[in-house]
Structure formats: structure tokens, C-alpha cells
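Lettered A, B, C and D in written order, each chain numbered from 1.
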Amino acid sequence: MTTSSEILSVVASRELAGKRTVFAGIGLPTLAASLAHLTVAPDLEIVYESGVCGAHPSHLPETIADAVLITGAEAVLSMPALFGYVLQGGHIDVGFLGAAQIDRWGNLNSSVIGDWHSPKVRLPGSGGAMEVMANSREVFVVMRRHDPRSFVDELDFCTSPGPDRALADGVRPAGLGVTRVITELGILARSGPGEELKLVALHPGVTVDQARECTGWPLEVGGDLTVIEPPSEAELRLLREDVDPERVYLR
Amino acid sequence: MPRPGPDKTMSLRDAVAAFVHDGDTVALEGFTHLIPTAAGHEIIRQGRRDLTVVRMTADIVVDQMLAGGCVRKLVSSFVGNSSAGSLGELRRRIEHADPEPLEFEEYSHYGLICRYLAGAQRLPFYPLRSYAGSDLPGVNPNIRKVASPYGDEQIYVVPPVNPDVTIIHAQRADRAGNTQIWGLTGIQAEAVFAADKAIVVVEEIVADEVVRSDPNRTVVPAHAVDAVVEVPRGAHPSFAQGYYDRDNAFYRAWSGISRDKEKLAAWMAEWVHGTADHAEYVAKLGEEFWAGLAVGEALSEPVNYGRRL
Amino acid sequence: MPRPGPDKTMSLRDAVAAFVHDGDTVALEGFTHLIPTAAGHEIIRQGRRDLTVVRMTADIVVDQMLAGGCVRKLVSSFVGNSSAGSLGELRRRIEHADPEPLEFEEYSHYGLICRYLAGAQRLPFYPLRSYAGSDLPGVNPNIRKVASPYGDEQIYVVPPVNPDVTIIHAQRADRAGNTQIWGLTGIQAEAVFAADKAIVVVEEIVADEVVRSDPNRTVVPAHAVDAVVEVPRGAHPSFAQGYYDRDNAFYRAWSGISRDKEKLAAWMAEWVHGTADHAEYVAKLGEEFWAGLAVGEALSEPVNYGRRL
Amino acid sequence: MTTSSEILSVVASRELAGKRTVFAGIGLPTLAASLAHLTVAPDLEIVYESGVCGAHPSHLPETIADAVLITGAEAVLSMPALFGYVLQGGHIDVGFLGAAQIDRWGNLNSSVIGDWHSPKVRLPGSGGAMEVMANSREVFVVMRRHDPRSFVDELDFCTSPGPDRALADGVRPAGLGVTRVITELGILARSGPGEELKLVALHPGVTVDQARECTGWPLEVGGDLTVIEPPSEAELRLLREDVDPERVYLR
């Protein structure tokens, strides 16, 4: 049986075809990037927020700063070099982000549920998410849960703004913002500023109505709505045998 | 001509007593790697109050300092227990002002990095391509905008941070304070240069010759350092590349410990207030425990600095 | 999982042909150490014209490129032959417009460093505490002022520089472009990150394992590099720490060579146009000459990166 | 016989009493600093513009970037760290500078003789001199020749401005600017902004009139004009035997 983690990883990996650099956190994004490296993006390099470039880990890393990412890596950069030169300098093709809330323009909230000054839930905050959003050529979001609490009409707080909000604030954005949102139901997509996220693909058996019910804004459907090809034998074998043989993240 | 630098070695107790005062702004840096935990615990033992703590990733050591009653204000860009869960005391302070409110000045990672960069360079502000359209400037009036004098562009800026004292942990230093780090070097150099005083805690103090055999490895030069303190395993539960691995089990356990006020108080009583110093904390964990975090050898290949013939 | 990076190795001839075009802005960096002389000579051999050359310390290689007729404009913060005298061709161009004028955009060292910092970080400007009261802003309208939004302070700023191509020399790199430098590292990383394309010339291309045994030694990661070129002794007359020493006699001789137009033309004809490539230039100098610049061994002590058990 | 280089080095070394960090170029400044380290400033560290801190050279260096300064040094810093953190960050007690021209306020010209746009002589320019002036706590100038062509009423071009010019330009300076000028005739000094350089000491046998004739502005004499103590046996022995035994710079 194919798990939800496997499906999300495989679908995300396909979207990385031909990309060169990806900024990814540990978990589904690194699984997707590692699989893409073996399939559709042979030159893909994962850059980690900790400063590691070209890692060759002996074991599957548990954090973006795991010691096994450093030993044998091609380069380890300081924070000013990583955030200033690599990320803000425009060297990242695709940044992966997660969030507690996303809106139709791909703006993200990872700061608070409720009011910032007296929050119901205090979340971790930006970390480098704001920088990944502002500086990557495009951003992919992987959200396990697709429900109206996460896909909201209005964010409680905008931590990481997409290019539309940046423009409204008088700043020309460097990248396209969120272009792909990969969920348990399907894929939402937009090509850049001025566009809403639309439903462009569904997993087999999922209906448009289901996706709309699970989305907190009136979700539009793209003209070329497709059904997602299930993970192939080859993709699953690589993922299970080469990428995460101990099923640390494929749980 | 040989020039032995001044000896700045001290005990951690003396260094904290000398350089960390009630009401100070204290930066503790180390991004996942080399977190100055032992120093945080010593600050708690000495009962410092009303500190402003600056730390990019406010994680377990910050939650412990909050629980120790040391902290009035937090300046940070990430408040969480890595990817392993929540910080109980921090969430109680922010969500419920329990037992008292916590002033929180929030940034993104690069925003706080740029504050250190401005501080280290004595700049009145530092520009960065973040914050446009974010709600953060609305809750943090320190994040402002400047118009570029080279066109119609606008850009956000942050002000310098100049801590009263910065504390970092490192693999090794000489007695004068030349500090060498390998693996992740993070924002340690900038945090030290931005500060008025700097304490460097190290796994080992080494002979001058060791440092001088590889001057490019020196991340912080001696003239920026005020105290050098040897505290082996002082970064636990984080790791020191080449010395010991990360205690992932403790990270996972922290959510459960800190969620419950009584459990947390008991943990603090046993492990911080109940130990005289970090050596006792290390001994209490036991050699079997440390064997589980031991690492093998992966030596760097030497490079030739050359010698005039 | 092993991931061999793409092979970016090229000959110097091919790299210059591919990435340096007439009219380009070309940064050549290396502060006394690791000056990319061989690349400068190849640009002359290929007859590039109307270049804007950016280089903090415009020294012998720049004087040679001027003599080669390659340069329309110079952006620099120091125009001189180290402490060993003058640059004849540069002085003729600036003092007498002989054989033609040279556009000169002048900065201080930190001013030009900040232009690279802004370029590497895609910032519209970079602030620094220089220039107040200097006559330089009066002759360089690119040096401007900004008011701090945190008080009544004013500060000078410089704009980014984003060269079409940056060329640096380094001790070693792997085939993918992970570049390692020890000794003086200067502004090389920032100059590469600021550029659209980057050529790294190295003393030796080494096995991936050599680079990976010490990732902190990597000053420029592969994803910022477009061409890797192996040219042993390619920094002469400057030096490569641990490989060969500086040719101080040649520095002292340059004032005399460049002061006299005919002597200079003869030198260029013999040593640049008269050699097919840098290997021929090196061979022409002779093994006895190189023995005089040889250096002995002073190896760094290895550090342990650790291995999970 | 004591040479002029020896006298200047010894006199400059005495001014470094109790200092901790000095930014110095090769030649007289390093001789002075090395001698001071052996006499009046045991904790003195020379920081070089190239990025070297705590050098322990096997041979007398020929440039500020000499390979012998790097091998065995305590630290080697990148340019952004050296200029940004160490120098602009305020870690230098005394910066040594030279110049083609100096005026009564300690402003320096190292750019051009004549007009910048069509100079009679094009000099090297600022290098890091402007930064040393703007950021060191104080600046010492050693000038071999003391004559009206170098000590001018008005600079042809101000490369490195002292704090008075910075203030007039609306910027609060970090340091005191030039506080000591050591020449073949004596010492000029000022304590900081608002003050002119005054004659405060003369070498034995030099008169006030001589100093005035050799200075391009009406040179004032300090109230406590002293005669400089000639180099002692001990100072000369250290300089000749320990600092520069091969007399590379003591020519």
C-alpha cells in the first residue's frame, strides 16, 4: 500500500524537473528533492538553512543541521553567506515551505493563531521562511492536511508574504512566490503575481467538490484540471530502497 | 618573535559573575550546533534577573532561562523546540502571561542576522529584502523602511543590536581567546563582534601552536574576546561537531517536561539548581550516556601553509 | 548517496572565450595573494576591448591589461604597484590621456568591499562609515548619503556592483567548482557571488574527497561557479600560500619596465603575446627560477569532523 | 651612529605605551609597533590590512600580505570581517598612516597632486586609509620628510578626512583623527576635533624656527614644548638585534 507521505513526496519530486538548487527542510521536502535527484533533476543540489551545500550524509539526517550533513559536505557556509549571498543573492530555484495557514495568494502564516499580541497559539514564527519566500525563484508548499483551518480566506497573521503583498507595500519582489501547493487532495497552482491559487490536479478518486469543501476560500478550477498519475513502481522503489530505507520519514 | 597573548581563561562561574549583570542584554548564539547551554544554566544558578535575551533560535536553553526567572524580554526569529515540539514555559509566558508577561521582539532569521551585522559594523541600520508585505513590521516598530538614493526603490532596514555580552560555545580556543570552530559556524563571529563583552566557552583550551597551525580556522580573534572558559560537553543537548552528537531523545522529551509546570520545576531543581556546575551535570548523566553520543573519526586533510626556505 | 556534481572544467582559453566579452564589466580579485594574472594575460591574448575592470588593488596585472588595450574604465580603490613603485601605463593614461583617456571610478577599500557586499546580497545600496568630509564623493557621484530612520544620523552609501564575470585564483577546487582557499581569502567569495558568471582558476583540481574532507575550507560553493580552470603558478608574480612565494624582484622591476613605453611593449610582446598560454610562460621562466620561489612545509593540524557510529 | 629611521621608529614606539591594537603598514610603523611590544606595550597586537591578526613571522615581512605573516598567525580574516568588524567595529586603538600631504587639522591627501580630473601626479589613492582615519580611536602619522610641500596650508585633494571635516559634513566621527605627527624635526600633536596640530617636541638641536619654516601653515607651539629624549642604548639594541637584525627597513 502506498502511504500519503510517499504520494506527496513523489508528486513533489516531479515538480522539480530540471531544477538546480532547492532550499528544503527535513522531512517531505528532502525526500522529494532526493527522489528528484535520482529521477527528473540529476543536477539538483539541496541547500540547507543551516549553511550546508552539497551534503553527502552517511545516515538520513534528523535536522537541517545534523552532524551527518556536515561531515563529507562540499561546503559549509556562515549564516551571513547563506542568507545574504546564496538566498537573498538569488541562487535558489525552488524553496520549500510549510505553514499553519495559507491564503489564496500563497501568503503564509507560521507565527500565531489568534492575535499576535495575545495569541491563542504561539507558533515558531518566521525562521528563514520570510527570506525563502522573498528570494527563491518560486516556492512549493507541501501541506499534509487540506482543510479550511489551514486553507483560509484570511490569515490570522501574515508571516511570509507573497509578491502581491510585497508590491502593495511598494517593494518589487524577486521571485514568483508560491507556485505549487501539494496536498493530500491534489495540487493548487499559480504562475505568479496577480493570480489566485487554482485547483489544477486531483489525486485519483478525489472530486472537485471535496477540494472546494476543504478550502476556506471559493476555490477556482484551472482549465486543464488533470488527475495525478499515481507513484510508479520505479519511483516507489527508489524512495523506499534508496532515499529512506529505514522509513524514518515515510511513516 | 613569540608573543604570548594575555591569559583570559576563567571558570564559568567567574565569567558569568564578571560579565553578566541583572538587566543586561545577553546574546547566546549557536544555530542548532554548539548551543551555549552550560552558560545558560550558570546564569540560572546565579539568579540573574530582567535579562533581555537575544537568540535567533529560541529553543530549550531559552525555555530553561525563562523557567529560571531570568528573562524579561526576548529578541528572536524562531521560538520552538527545533522540529521536536513546543517550549512549554515560553508558550505559557506569551499565551497566558503565566507566571508573568514576556516582552517579545520578533524578527525573521535574516532580520536578526542583519541586526548582528549592523552591530558588528557599528552601522545605524542594515538593509534586507525581507518584510515587504509582512505583518511583522506592524508589531515590531524597529523594522523600518529607507528609500534608496539610486532610484525609486524602497527597502526595509533593521537597527544594530549591541549586546552587553555575547556568549558562544566553540570546539577550541587558545588562552588568549583565538577561537576555532568547524562544522556550522552560524552567526557566532558577528554576535561576538557586536557585543561589548564576549565569553567564549570551549570544549578544550589548546596550545597556541594548535591554533596557529591553521589560522583560517579562527572564527573569532583574541582581541574580540574577554573570557575563555573550558567546559567539556557544555553544548549538550546540542552537539559539537567531532566531539559528541546531538541528544535527540532529550529534544523529543522536552515538550513533555516543559508542558507540565511541576515536571519542569522538578527538572530544573534536579539538573540545574541541583548541580553545582556543568561538570556535575555531565557526571550525573553518566559515562554510559555519553558513550551513546560518541562519534568516530573523520579527519580533515592537512593543507600546507608553507614556510620560507 | 554520492552525487557527482557537473564537471565544469575548461581550458583558460575556452573559459575566457566563453565568459569574457568586449564591453563587459570584469572583476579580478585577490588582495596581494592569489592575483589572477594568468587570466588577465589570456584576456590580453584574446584581444578583448572596452572592458570595465573592477579590482580593489589595481596593480601589475591591471597595468598589463591597460597596456594590452583591453580597458576603457577602471573601478578601484588603490592604483599602485604595491609598495614597490608606480604603474607606468596607468599613470600615462590618467595623467596624460596617453595613448587615450581612462575612465576612473575611485573608492576606498571598504567602499569597494561594500559594493561587492551589496552586489552579492542584491541590495540597492550598502552603508559604511567612510567618506564623510572626503573629496571623493565630489568626484564620484555614485557615493551618496542616506538618513538613518533611527535618529538624526546620516551615513554614506555605495551602490552594488554586479560584474558580468568575476575571475579569481585559488589553491584548489573540485571539478564542480567547490573552491578552497587558505591564507588570505580577501573579497573573493563576495566578488564571485556578486557576478553573473564566475571563473575560478586554480593551482590544482583535486578529487572530490579532498574538498569534502574539510567543507569549512570551501570559500565558494559549486553553485556559484561557471568554469573551473587548472593553471599551476597562474598567480605569478603574486603568490599562492603553500605553493610558491611572491616574486618580489619582479614587483620591484615593474616600475622600470612600465615607465618606458618601448620596454613595456617589448615585455608584453615577449611574455604575453609571445607565449601561447600560461604553461609556456611558466616554462619560459624556467625551473631554476621557480626553485627560487619554492616554499617548505607547514601543515595544518587535522580536525575531526566526526562520523556517526 | 643613529639613523633617521631608527630615531623615528623609537620615538613612534614610545607613543604606543599601553595600547592594545595597532593597525600598521610595513616599514617604520611595524618597526615602531614591534619595538613597543618589547618595551612600553607588552600586550600590543598588530592588525594588518590584509586580514592577519597575531602574526608570528619567521622572517621580516616585505608586504602587509607576506606569506610569512600568514604561516603561524593566530587568525586570518576575510576583507569584510577585517574592514567591517575589526576596523569599522571600533577594535583599533591606533592606526598608522602616511600621506603625500597633511594639513593643520590632520586631514590627509594620498590621491593626487594637482586636480583630480587631470592630475600632475596620480598617487595610489585611499586604499584603506580613509577607513583607518574614520574608525581608529586615534591616528599616528610618520613622515620622513618635514617640508612645506607635504605640510600644506591647503590639500590638493582630501582623501582621508579628520573628524572636523566629517562633522562639517554632518557625520559624527568615531575617533579623534590624527593626534601625533612624528617627523625628522619633531612631533606635532593635537588631542582631537577642533584643535590644530601644534609643535610639542623637537629633536635635540632642531629649533622652533626650523620647524616653522618647514611647515606650510603658521605652526603654533604648544605650551609644554619638550626636547625628545634620544634613543636609549636599550631601545637601539632591541631595534637592531631583535626587530630588524638584517636592517631591511633600518636603512
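We adopt the following convention: contacts are C-beta pairs under 8 Å (C-beta built on N, C-alpha and C of every residue); 3 or more make two chains touch, one makes a residue touch a chain.
Predicted model, so just to flag it, every value in this text is computed and none were measured.
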Inset, instruction - Provide the C-alpha centroid distance between chain A and chain C, rounded to the nearest whole angstrom. - result: 39
Inset, instruction - Go ahead and note the Å separation of the Cα centroids belonging to chain A and chain D. - result: 56
Legend entry - For chain A paired with chain B, centre-to-centre distance based on mean C-alpha positions, whole Å: 29
Inset, instruction - Could you list the positions in chain B whose residues touch two or more of the other chains? - result: 117, 121-123, 128-129, 145, 153, 155, 183, 185, 189-190, 213, 216, 241, 245, 295, 298, 305-308
Legend entry - Shared interface positions of chain A, touching two or more other chains: 52, 67, 70-72, 76, 84, 88, 135, 174
Inset, instruction - Quick one: label the inter-chain contact graph as line, ring, star, complete or other. - result: other
Inset, instruction - State which pairs of chains touch, listing all of them. - result: A-B, A-C, B-C, B-D, C-D
Legend entry - Parts of chain C lying in touch with chain D, wherever the complex brings them together: 31-33, 56-57, 76-80, 82-83, 90-91, 94-95, 106-111, 113, 117, 128-136, 139, 145, 153-156, 183-187, 189-190, 239, 241, 245-246, 248, 295, 298
Legend entry - Contacting residues of chain D [partner chain C, same complex]: 25-27, 49-52, 62-67, 70-72, 76, 78-80, 83-84, 87-88, 107, 111, 116-131, 134-135, 157-162, 164-174
Inset, instruction - Spell out the part of chain B that touches chain D in their complex, as residue ranges. - result: 1-3, 5-6, 117, 120-123, 174, 176, 178, 189-190, 193, 208, 211-213, 215-216, 218, 220-224, 305-308
Inset, instruction - Would you pull the chain C residues touching chain B in the complex into a rising list? - result: 121-129, 144-146, 148-151, 153, 155, 157, 159, 171, 180, 182-183, 185, 210, 213-214, 216-217, 241-243, 245, 294-309
Inset, instruction - Could you pull out which chain A residues touch chain C in their complex? - result: 20-21, 34, 37-38, 43, 45, 47, 52-54, 56, 58-59, 67-68, 70-77, 81, 84-86, 88-91, 135, 174, 242-243
